[in-house]
Amino acid sequence: MLRFALRRALLALAVGLAVSAIAFLLLRVSGDLAAAIAGEDAPAAEVERIRAQFGLDRPLLVQYAEWLGRALLGDLGRSLFYPQSVSALILDRLPNTALLATLGLLLALLISIPLGVAAAIGRNTWVDRLALGLAVLGQAMPNFWFALLLIIVFGLMLQWAPISGSEGFASFILPAVALGWFSAPVLMRLTRAGMVEVLSADYIRTAHAKGLPVRTVLFKHALRNAIVPVVALASVQFGNMLSGSVVIETVFALQGIGYLAWESISRRDFPVVQGILLVVALFYVVLTMVADLLNAWLDPRIRRAA
Amino acid sequence: MTAPLLQIRDVVRRFGVRRGVFAPRRTLTAVAGVSLDLPRGEVLGLVGESGCGKSTLARIVLGLDKPTEGEVLIDGRPVASLHRLERSRLVQPVFQDPYSSLNPRRSVEAIIGQPLLVHGEGTPAERRDRVAEMLGLVGLGPRHAAAYPSQLSGGQRQRVAIARALILRPALVVCDEPTSALDVSVQAQILNLLMELRARLGLSYLFISHNLAVVQLVASRVAVMYLGRVVEEGDPETVLRTPAHPYTRALLASVLQPRPGRGLPDPQLAGSFPNPLEPPSGCAFHPRCPLAVPRCAAERPGLDPATGEHRAACHFAALAET
Amino acid sequence: MSVTAPSLPAVRRRPGRWLGNPGFVVAAVVLGAILLMAVLAPLVAPFDPYEQVLDRRMLPPGFVDAERASPAHLLGTDNLGRDYLSRLIYGARISLLIGFFTMLVSGVIGTVLGVAAGYFGGRVDAVVSFLVTTRLSLPVVMVALAVVAVVGGSLQVVVLVLGLLLWDRFAVVMRSATMQLRGLDYVLAARAIGSSTPRILLTELLPNLASSLVVVASYEMAQAILLEAALSFLGLGVQPPLPSWGLMVAEAREFMLFEPWMIVLPGIAICVLVLAINLLGDGIRDATAPEGRA
Amino acid sequence: MRQALLDVRRLSVRIPVEAGTLHAVRDASLAIGRGETLCVVGESGCGKSLTSLAIMGLLPPGAVRSAELLSFDGEDLLRAPRSRMRALRGNRMAMIFQEPMTSLNPAWTIGEQLAEPFLHHGKGDRRQARDRAVELLERVGITAAASRLVQYPHELSGGLRQRVMIAMALMCGPELLLADEPTTALDVTIQAEILRLLARLQREMGLALLLVTHDLGVVAAVATRVAVMYAGEVVEEGPAEAVFGAPRHPYTQGLLRCIPIPGETPRGQPLGTIPGSVPSLVGGFESCAFRDRCPHARAACAEPVAERMDAAGHRWRCILEPSG
């Protein structure tokens, strides 16, 4: 297990490095960053001045090494718009996004696991069809549109919850619903598929042959095995929510890093964009590593391997 | 004397294995130095339990895997360095599972004709004729040509697999447990077919099976494998009457015959199959052997050719002969 | 020969395989209709989708407010007086184009990587797995937004960016499917009869991968359509005045309190299209999967 | 008539399929007394496994069971409620399966899985369950039994897992043990060991053992009685010596000719075969199911075939007069 963990960490490190390079290169290679910062109608001299000011005229590798070196020390540069460092900005907004994603994930799990289990048990019955129908419908709706519908119905018409901002817990309710709604179908399908597969396994027949009550068979023998991949996927989904928060936070004007990313992209505040890309990607790298380790720990076949 | 059709020369195959994505690499020696000859027109039966390396050896003979050491010659030519088209005219396989050995998306005609297509032989019409001829040869009718594997029974599928193997007229056919997945009544049909085709077409078989009763029926020579090595080799009558290796004796005793009143054989072997990642020292069979003495753990007995046509890798082989 | 041929069970034909699935039939009809509408947009659309008639702004559809509605504009007009139905019809073109070409780009990348990883294993697999893990670590929406912001928004850019981002699922699914097939005896048999590796990949593996490929492809096409809508909604996808459905939602946003139908209609259009694509993919998979052993 | 522990009369299992109803088991009658080993033998698809699952009430969803009589120790199982069946299963009647690699739950330790039926059926507390588990593991020939309890199934070989399965089935001291192809997935040398173990335990515990297999060699080695199944029917049933020594049904006769015997079957000559293949069981039929493949078939075989029985309790379904 320890060796597994070490090797997994090594992989995470390699992926982290690759991701940092991509986060850095993306904005340099896809166009002229200096021109983009300067704006569309800026005179050539102004563009050159910006290029020199940000060191954009030096070799890419030098720029990357310098940027990465600073980033490792927590210095992601300064925002072009806010009078703050990028790290401070991100740290400032991160708690909101984390709260939002946590709430969203909890909601998604609360819906998806019972529904997935029920659908697997009542395979090909109305429960199954209902769950599947909900999942298909959920996956077909654009998330921003669903968020706007929530605003229109619960915010404007019924006025049950605030529709924008990040003041107080209440303003997180609708965004969390919107965010969780899109993770639930994936988690539900995986729970259902896992349960269906496990329920046809030989050891379930063994459990029945022991005369165990259906409840014990379902929860002790079936769910215990079916839930393992769901746990892994849930942590991956948490990572997806951090990045998916761009759309939802923007719709609800919730002051998280997603909203910050959108604002910064619109304002061409590229140091901030780069910083957020790096932070979100690294978050994801760490989360998937945790997921894999959790998975390994839950599965005695991996946990007990020498 | 002409050279044997198939010559297996000191073949060793090692694999680097990992038990998990991140577990350390270890070396598994699946085949640990095997030398065997198969004269033209004969059947070499290879017997052993799962994990003894017989299927790995089959793949090496087929040229689907390369030996780590040693070489396999068919018709005097090294299989590993032959071009795939040349190789496929020399040796063809019949596999165990008739369900996975046929592509479910192809018709029987396309499956049997595929080798001709790959080799660019004949016009479509000629190929169709050859396929029809092969169908007749394996006991299927023209109406089966358009069928898909899912519409055939296990025995019928195995006939299709045999037809595909024979359409290029190879000299050697490697039968890897060709009847193990079949019911006994179907097994008898397929065994009869294989024997009849061998006589008719002058084929040679490398016939691999875990079932000693089947092997002794079809083979003109028998080799018994244990943990990557041949432990006994000889003609089937002799091996059956006077098995020289204790493992062969155990295997023979384990064959349950449909004769009531004999009860179960006495226990022959101690312990269980060893972990192939950590093979026992000396004679690999010694931890389970009823005859083992300290010498067996220290010194690995060679496959002694001194006893003539009947060879056994056991320190006590000569004793058993009497 | 002494061996008699066992009788052949009657060939089972299944015409009902396609038509027996109501979801599939409905999806095919809906998708066909949308496709036809998109292709024939100039003929079908009642108005020019770009023509602004300032004295006919924000007319609601008849079923929302019969009194204010104009019978000429079945689904009303937007804030610039453009016919909403015509814009929705032209919008289908954008969604379908982006969805299809993104799927094509990502499908080619992902399938090549996945099949290679699954078939060759070893180092190739390790490299592909690393690429997939790295790709998954990049937040799609943020990266797409950032690239569009630097390069500029256009159909081609959106297709290319999404195509380069959405290949991961193709790779993962094709990899595991290929791995399963690679070990089957008919692939070994194909090698034994002398088939070359490309022939094995194309004629033995790919036909058996097709049903899972169709499912992923339909899913990814739907994802691309949803993502394009989201990018355009955030102002960094397709640029105005093109009638992207996502853009239409964005433009309607400031009127959502009084004219919510302006938001609802393009959303429904996206939903219907995505739903139809997904159901069609599932239907094709069910109908083409080779019969099991039973 | 001997007092049977398990008495099955005219058991049928029907499975609805796309093309109609699959008559997987048709009018199968079996009986087994304490201390007896009844082997149910037949080729794949003959309904032998479904028969054993039907007795345990473990048929897959959709399959329908019916019978004239299904009694266990005088108790009617046909009308027993689910709760009663659960109380019997794993307790007085236990079952082991073909695949030792997949029949144990990978997520729980051997000890936990062994203790489960013991605790569930109220045979004692955890401590007693543990002691019983150790005792049984030793009895099925597993060394270092106590340390095995904390191991997971994946840490054991196939042969060991099947021993664990057997120990698990014996935890509550059952009277009837059903074994569905318990050695098919194992190597031949291991197969002999497991069979020896089953035979010994059966003797020691006075078990009634119902063993389902496709291997006539296994049957000959352990059976007191044999039931031969073909196309869902029991075509022949009787004492092992009678069925092997003087098989009455042409199918049994054909089957015995198909099996090569080392040293006896002449080499280089074709084996006996049964031509043709098993008929479809969808739709059902009245005539002899073996008619199309039978060398002795005649017009009368198209009529329903009555079961015949001789004085020794040897039953068969064929209109032919026994020869010799």
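To keep things simple, chains are lettered A, B, C and D as they appear, and every chain counts its residues starting from 1.
Keep this in mind: contacts are C-beta pairs under 8 Å (C-beta built on N, C-alpha and C of every residue); 3 or more make two chains touch, one makes a residue touch a chain.
On a predicted model such as this, the values are computed, not experimentally measured, just so you know.
Peer 1: Touching subunit A and subunit B alike: which chains?
Peer 2: Of all the chains present, those in contact with both subunit A and subunit B are C, D.
Peer 1: Counting C-beta pairs in contact, which chain pair has more, A-D or A-C?
Peer 2: Answer by contact count: A-C.
Peer 1: Hey, how far is the Cα centre of subunit A from the one of subunit D, in Å?
Peer 2: For subunit A versus subunit D, the centre distance works out to 53 Å.
Peer 1: Which integer distance in Å separates the CA centroid of subunit A from that of subunit C?
Peer 2: The separation of the two C-alpha centroids amounts to 22 Å.
Peer 1: What is the distance, in whole Å, between the centres of subunit B and subunit D, each centre taken as the mean of its C-alpha atoms?
Peer 2: Their C-alpha centroids are separated by 31 Å.
Peer 1: Using the touch rule from the top of the page, what residues of subunit C touch 2 or more other chains?
Peer 2: Residues 2-4, 6, 9 of subunit C each touch two or more of the other chains.
Peer 1: Enumerate the residues of subunit D that touch no fewer than two other chains.
Peer 2: As it turns out, subunit D has residues touching two or more other chains at 270, 273, 277.
Peer 1: Considering only the defined contacts, which subunit A positions touch subunit C in the complex?
Peer 2: Touching subunit C from subunit A are residues 11, 14-16, 18-19, 22-23, 26-27, 30-31, 33, 36, 136-137, 139-145, 148-149, 151-152, 156, 236, 239, 242-244, 246-247, 250, 258, 261-262, 265-266, 268, 273, 276-277, 280-282, 284-285, 288.
Peer 1: Contact residues on subunit C for subunit A in the complex?
Peer 2: It is residues 130, 133-134, 136-143, 145-147, 149-152, 222, 226, 229-230, 233-236, 246, 249, 253, 256-257, 260, 263-264, 266-267, 270-271, 274-275, 278-279 of subunit C that touch subunit A.
Peer 1: Over in the complex, which subunit A residues touch subunit D? Could you list them?
Peer 2: For subunit A paired with subunit D, touching residues are 201-203, 205-213, 216, 220-221, 224-225, 299-301, 304.
Peer 1: Subunit A touches which residues of subunit D in the complex?
Peer 2: 56, 58, 85-91, 94-95, 97, 99, 102-108, 116-117, 120-121, 152, 154-155, 165, 168-169
Peer 1: With touch defined as at the start, can you tell me which subunit B residues reach subunit C in the complex?
Peer 2: Per the stated touch rule, the residues are 59, 62-64, 84-85, 87-89, 91-93, 95-97, 99-105, 114-115, 118-119, 136-137, 139-141, 143-144, 147, 150-153, 155-156, 161, 164, 168, 189, 192-193, 196.
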